[in-house]
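Dropping the structure in here first, questions after.
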Amino acid sequence: MSIGFATWQAAIDLALAEDIGDGDVTAQSTIPASATATGEMLMKQAGVISGLEAARYVFARVDPAIEMTALVRDGDVVEVGDIIVRLAGPARTLLTAERTALNLLQRLSGTATMTAAFVGAVSGTNAIIVDTRKTTPGLRALEKQAVRHGGGNNHRFGLSDGVLIKDNHLAAIGGPDRVTKAVRAARANAPHTMKIEVEVTTLAETAEAVAAGADIIMLDNMSNDEMAEAVKLVAGQALTEASGGVRLDTVRAIAETGVDLISVGALTHSAPSLDISLNFVIGDS
Amino acid sequence: MSIGFATWQAAIDLALAEDIGDGDVTAQSTIPASATATGEMLMKQAGVISGLEAARYVFARVDPAIEMTALVRDGDVVEVGDIIVRLAGPARTLLTAERTALNLLQRLSGTATMTAAFVGAVSGTNAIIVDTRKTTPGLRALEKQAVRHGGGNNHRFGLSDGVLIKDNHLAAIGGPDRVTKAVRAARANAPHTMKIEVEVTTLAETAEAVAAGADIIMLDNMSNDEMAEAVKLVAGQALTEASGGVRLDTVRAIAETGVDLISVGALTHSAPSLDISLNFVIGDS
Amino acid sequence: MSIGFATWQAAIDLALAEDIGDGDVTAQSTIPASATATGEMLMKQAGVISGLEAARYVFARVDPAIEMTALVRDGDVVEVGDIIVRLAGPARTLLTAERTALNLLQRLSGTATMTAAFVGAVSGTNAIIVDTRKTTPGLRALEKQAVRHGGGNNHRFGLSDGVLIKDNHLAAIGGPDRVTKAVRAARANAPHTMKIEVEVTTLAETAEAVAAGADIIMLDNMSNDEMAEAVKLVAGQALTEASGGVRLDTVRAIAETGVDLISVGALTHSAPSLDISLNFVIGDS
Amino acid sequence: MSIGFATWQAAIDLALAEDIGDGDVTAQSTIPASATATGEMLMKQAGVISGLEAARYVFARVDPAIEMTALVRDGDVVEVGDIIVRLAGPARTLLTAERTALNLLQRLSGTATMTAAFVGAVSGTNAIIVDTRKTTPGLRALEKQAVRHGGGNNHRFGLSDGVLIKDNHLAAIGGPDRVTKAVRAARANAPHTMKIEVEVTTLAETAEAVAAGADIIMLDNMSNDEMAEAVKLVAGQALTEASGGVRLDTVRAIAETGVDLISVGALTHSAPSLDISLNFVIGDS
Amino acid sequence: MSIGFATWQAAIDLALAEDIGDGDVTAQSTIPASATATGEMLMKQAGVISGLEAARYVFARVDPAIEMTALVRDGDVVEVGDIIVRLAGPARTLLTAERTALNLLQRLSGTATMTAAFVGAVSGTNAIIVDTRKTTPGLRALEKQAVRHGGGNNHRFGLSDGVLIKDNHLAAIGGPDRVTKAVRAARANAPHTMKIEVEVTTLAETAEAVAAGADIIMLDNMSNDEMAEAVKLVAGQALTEASGGVRLDTVRAIAETGVDLISVGALTHSAPSLDISLNFVIGDS
Amino acid sequence: MSIGFATWQAAIDLALAEDIGDGDVTAQSTIPASATATGEMLMKQAGVISGLEAARYVFARVDPAIEMTALVRDGDVVEVGDIIVRLAGPARTLLTAERTALNLLQRLSGTATMTAAFVGAVSGTNAIIVDTRKTTPGLRALEKQAVRHGGGNNHRFGLSDGVLIKDNHLAAIGGPDRVTKAVRAARANAPHTMKIEVEVTTLAETAEAVAAGADIIMLDNMSNDEMAEAVKLVAGQALTEASGGVRLDTVRAIAETGVDLISVGALTHSAPSLDISLNFVIGDS
């Protein structure tokens, strides 16, 4: 168990339950029960691997008789043509589990690979690439781990482990000094182990956030020039985070504004799957 | 309960559990417990709505005191600027539930909207747009319903409710007459209520599938010319299904080959979210 | 995992939870913790075995230290006096698990054995014996598998994987052409992978169903003469299914009417358990 | 909540999940979403009602919009032609829930009715009719309640709430004084709130059980003459329980031997369902 | 599985889920993934061990690669300085599981140890020490087992496996003969396998309970003199149970009144944890 | 939903399942089904209330027909003799739910009350009282909320939402500069939203922690003099936390050392229950 406990496993169980239901009629009606098979997963694209533990969980749930041998580790960079996993077991259950396991591995490796691209793009700057809460239901722990495999870092996991005061919170508080009031309320009431982050949209709000003692200031949808100003203004008294519509072709310029963190929702909600094929050789034991 | 039972609800519960964990510290530390709010969901893009039931489920799970009033129905076509949902309730829990509910509605409406685009593109032909098993873990029932809201139809739900003999099954069976053997095995062993579908890649295999009595023949990654040939060859003795890399700009030409069905994985795995905003007005009761 | 995923396992877990609760007081108060035992299951009646996987699951859940060795396979025909399973393990937990495991095996073998009797009775005709949805809550996948072990075939698994238009649906649609309307609505709206089955009670409705393009026509509680007429009338344009009060002494005559399928609810709701005894030899390790 | 907590509800959830899966395609493809219906449950046989709470749970789970009004109470004696339940709600979901709800009500009323028949047969004697652990997985609490509705009483619920030393326990203990040893071990180790019951097959064992201080003595498969002897021998120092193959036509003679309790497995494992029909009138709201 | 089925495992799963959530950030950020460790649990106090099975379950759930070797058995008496468990496995997951496993073992051993103290204090009398329902949510089976490990015996497990008529029940029944009415109602309606226990507060009620045929009479908060009177009055016609505020320094005198049972809520709700330390030696494999 | 999602509800469900099992035999056998009751909860001790939401959940789960009216709010200070809750509903289910609801309320109010005592004891200093992870399995969210109701604040919720480097982590890292290495590793690898806390036992380690940039420094089992030194040394560059064996009679002196935080495990693992009685008046409707 190198990652979180239980939720992602429950999500995979749901995926298997909805896919397999009361049995794989095609495999059961066309493949003899005694047939065995071996298979291998082959990279059709280069990238960074993530999701081996999830794939292993899928095969084990569908049939403990399936043996999966990983030839690489999560976080490894692989090339086209690399074989990353070997499989052996009953042909029927291998065919049943194939799609779910492969989908997870492709999707999570896609996130790791996209993260590595963003991390590469800001190389040499001080900026750290982080993720967001825009993840797939139930798979958040796996997807955040994939970001780490790709060299990124994680933002808060969910609503309970970090304070992030956003526009709607500020609107709820109201008044000209709402940033100050919000930061102070959070400082007084939230656990002392948590940093206080607040979203600002102007330089004036940035200054107010610094004065109020925010630990992290999210610069929401600012221009690069504004962000560079904001970074100067903050002057190391808080971390600064760029947020909003960051793309691979714009991330370097953002990093060069001097921000500490750049959050990229696309890492988890829009990373294209990494292309991996799974081919079986089927025999009869 | 207009759709499937339980699995999607369990998936939403997982999403809430991982997001909310032991409580929304930001809302709890910055918003008074007694504050109430009203909100409205506003369309920032035109499209087809799907997911109102899922959104309603989210709000009810987070706080039964939240009232959600839908001004439209799933399947309705909406325009930019339309208000589709009104909300009222405790400010804290509205803020806590907001993101999960909105994400589901945006994602499912995205699927319905993309489906409607594909259905529109083949209008006037006989082709029906159908989905695949490439869905989000746990949300399959919701996503397949979104396809119906967009005017598409559904392929089999999972491995247990339809026979689809694919390349790996054929490889497992082997021999020059493997299509025939596979279709016959399925006919003999699968429930009589199920149609037998087989994937073919050549005209020769198409002919073999027809002769073997397949009910549906999936033409996998054939050129449009080949598909037109295949449709002629099948001559109504089975349904034909085009599959593989179908895009909005290529779907019409595919439909014009005369195929009965066109399956589009992108409807569920790559539909961009429909942009919907949720704005709150917060007071104190 | 040769059958469906999870539901039957959850049902067995419930059975164990309600039976064992917080522990087997009798075993714990009368048998030393260190006592071990071996046991064997002995056929007291001849029949067809089904349920070995379920029995294995029970023993594994109660105590992974129990070893169960099956001497036969599901689907095997066994005689009085045959030993089908050997057991070894801690005496206490063997006594705790015994009843639940044996009950499942007796009940499922009962279904397989009754199915084999019906299949034998129609031997030489074209009729196939199929089951219904009248199954034990949570055990449907196991019971439908038992029907296959007995040589029968399965009707749809549940409401989501087959269209079966029954009297109440027809009543809901109404009008003199309600069969036609119902079949057409189903064709238009249900997944193309599903066959459309409709229940009829007269020859006129049979003709209407054929004309409407039904794939399967259920002849509900018709006399054998009427069924023979109906089969002629359908003339291979659809499958015909006899349904309603089929008994072992009437099934042959029904099969001889030429129907394709005969559904027998009794296979799952009224099959007498097959008599199997489980005797222990208990020692102290 | 007039009966046990949770297990039977979980069992019904499993039954609904396996039956409904991802939706009732027939209802959804043939009945308009806006159609409403009313229905009534009509007795086709006389008997004792049990299971109204279970039926209500089914309808509420499938669709909270369904209204179920019971015209009788569990335990009531009803006649052919009595209407016992009225239903109103969306036509689709009523059709979806119908079979599961009705099956439970028929099955549980069957148990209550058979129990009432056994209770009537021993009327005027001192014997009490009790059930066994041979119940349907997950439904034990409902079935034991049905026995009470029929005027019977309950044996222990499961392995954790009563000591019953059976042949296999005695074999495990061994020796000529195994009954004595077993009863004493149970007395020493089991909770003092539990009575100690032991199964005997001879008069000698009966005497030994009395001497050892058993609270209840199960007379297993004894002849009526032997049982009458055993009752005399026990002379009120323990309760006596007749067990094994008790039928409606033999139960009176057994009761007249003077035994205190007669356990009847058939009440839960072989009670024929009570025939109840459910007819809908469908409209469009 | 030497104790109850499933509930305590589910409770431990909840404890792990709430503690570990989406991963142990400290271990993951400071300890290399490849580091391994060995550890040993050392007694800092003398006492009676209970909870080895629970601890084993925790380690297995967190990481099946952890090996736990117990050097003692539940129920063993251990001394300061004894090593009771050795551990080996991945350093990260050992650190993650440590606290939960140790807490359970300390708490359950605390219950076993306190029970042994009470059992010792009444040594030579006939009184048996028993527990109550005042247990930790979800852990009742483990805590009742710990009482047995300490030499005590168990009262009823919960509301469904024993009749205990308390003051509120008597108030509900009312009238001067409410004890008689309550005992008779229970005798008539509760399963015959259960003993009937009634709570009394005076000698008059004690006499009434005996006359009504109660099996066990709970003497609630009586003085020792009253209890001695009550025991004489009951004269072996029922078991007597002392209840209410029993302490280690008062229990002997209570036992000497001649009561059969003494129930002590403190065994489960107030036993101090037994002090056990867990020290790791960490290497890199 | 003013606190965390789901885990505590699941824990209460387990508590109800193990307590109620298949039904409350005492209530069912002695109280008529039609009896109703009203009740009120009366303070026998003064204190701070917490747990009303949990109590409400218990009653709703056992029987939605029970009405609970709270006359106070969580966090309110109450006196002996105050009535805090009124109840009305079916007598049987009120008796069934009573103990579980009351236990939760007593326990959580005990935590709130003890917290208030500690908070009062340090009044006028800058120290904040915080809790630890030593909570009851499954009830952590409720217990941490109770600490807030008593005026305390929360430490991290679990392993996933805060970095706390303890002795075993430091041992695992090793070397003379292990504090520095550990803090730096955490800073590099943990989410930027989290503060880094490290446990130290000497002034030298304290200085090292400051230099390494720790956000919070836990002073483990230091004397008050050492702590005062440490606070001076830290000089506001990090928060300081006193930890280890803090008691009500020692906490003020600890606070006066100038530490920012004082963590008290006893708030959740050793708070005595607050004495609340629940008395019923039972009638027959």
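Quick notes
Each chain carries a letter (A, B, C, D, E and F) given by its place in the written order, and its residues are counted from 1.
Just so it is clear, contacts are C-beta pairs under 8 Å (C-beta built on N, C-alpha and C of every residue); 3 or more make two chains touch, one makes a residue touch a chain.
Since we're looking at a predicted model, the values are computed, not measured.
Common neighbours of chain A and chain D (chains touching each): B, C, E, F. Where the sister copies chain C and chain D meet, the same residue numbers recur on both sides for over half of the interface positions. Checking A-D, A-C or A-F against D-E, more than half of the residue-numbered contact pairs recur only at A-F.
When the C-beta pairs in contact are tallied for E-F and for D-F, the bigger tally goes to E-F.
Averaged C-alpha coordinates put the centre of chain B at 44 Å from the centre of chain F. In whole angstrom, the spacing between the mean C-alpha positions of chain B and chain C is 32. Residue positions of chain C with contacts to 2 or more other chains are 4, 7, 17-18, 20-23, 28, 96, 140-141, 157-158, 160-162, 164, 189, 191, 194.
Judged by the touch criterion defined above, the protein chains are all mutually in contact, each touching every other. Interface of chain E with chain D (complex): residues 4, 128, 130, 153-157, 160-162, 164, 189, 191-195, 197, 216, 239, 260-261. Against chain A, the residues of chain B that register as touching in their complex are 7, 10-12, 14-15, 17-31, 35, 37, 91, 95-96, 98-99, 103, 133-134, 136-141, 157-166, 168-169, 171-174, 182, 185-186, 188-191, 194, 279-280, 282. Residues of chain F touching chain B in their complex: 1-7, 140-141, 144-145, 157-158, 161. Note for the complex: chain F touches chain D at residues 13, 16-17, 20-23, 28, 33, 62-63, 92-93, 96. Contact residues on chain C toward chain F in their complex (touch as defined above): 18, 21-22.
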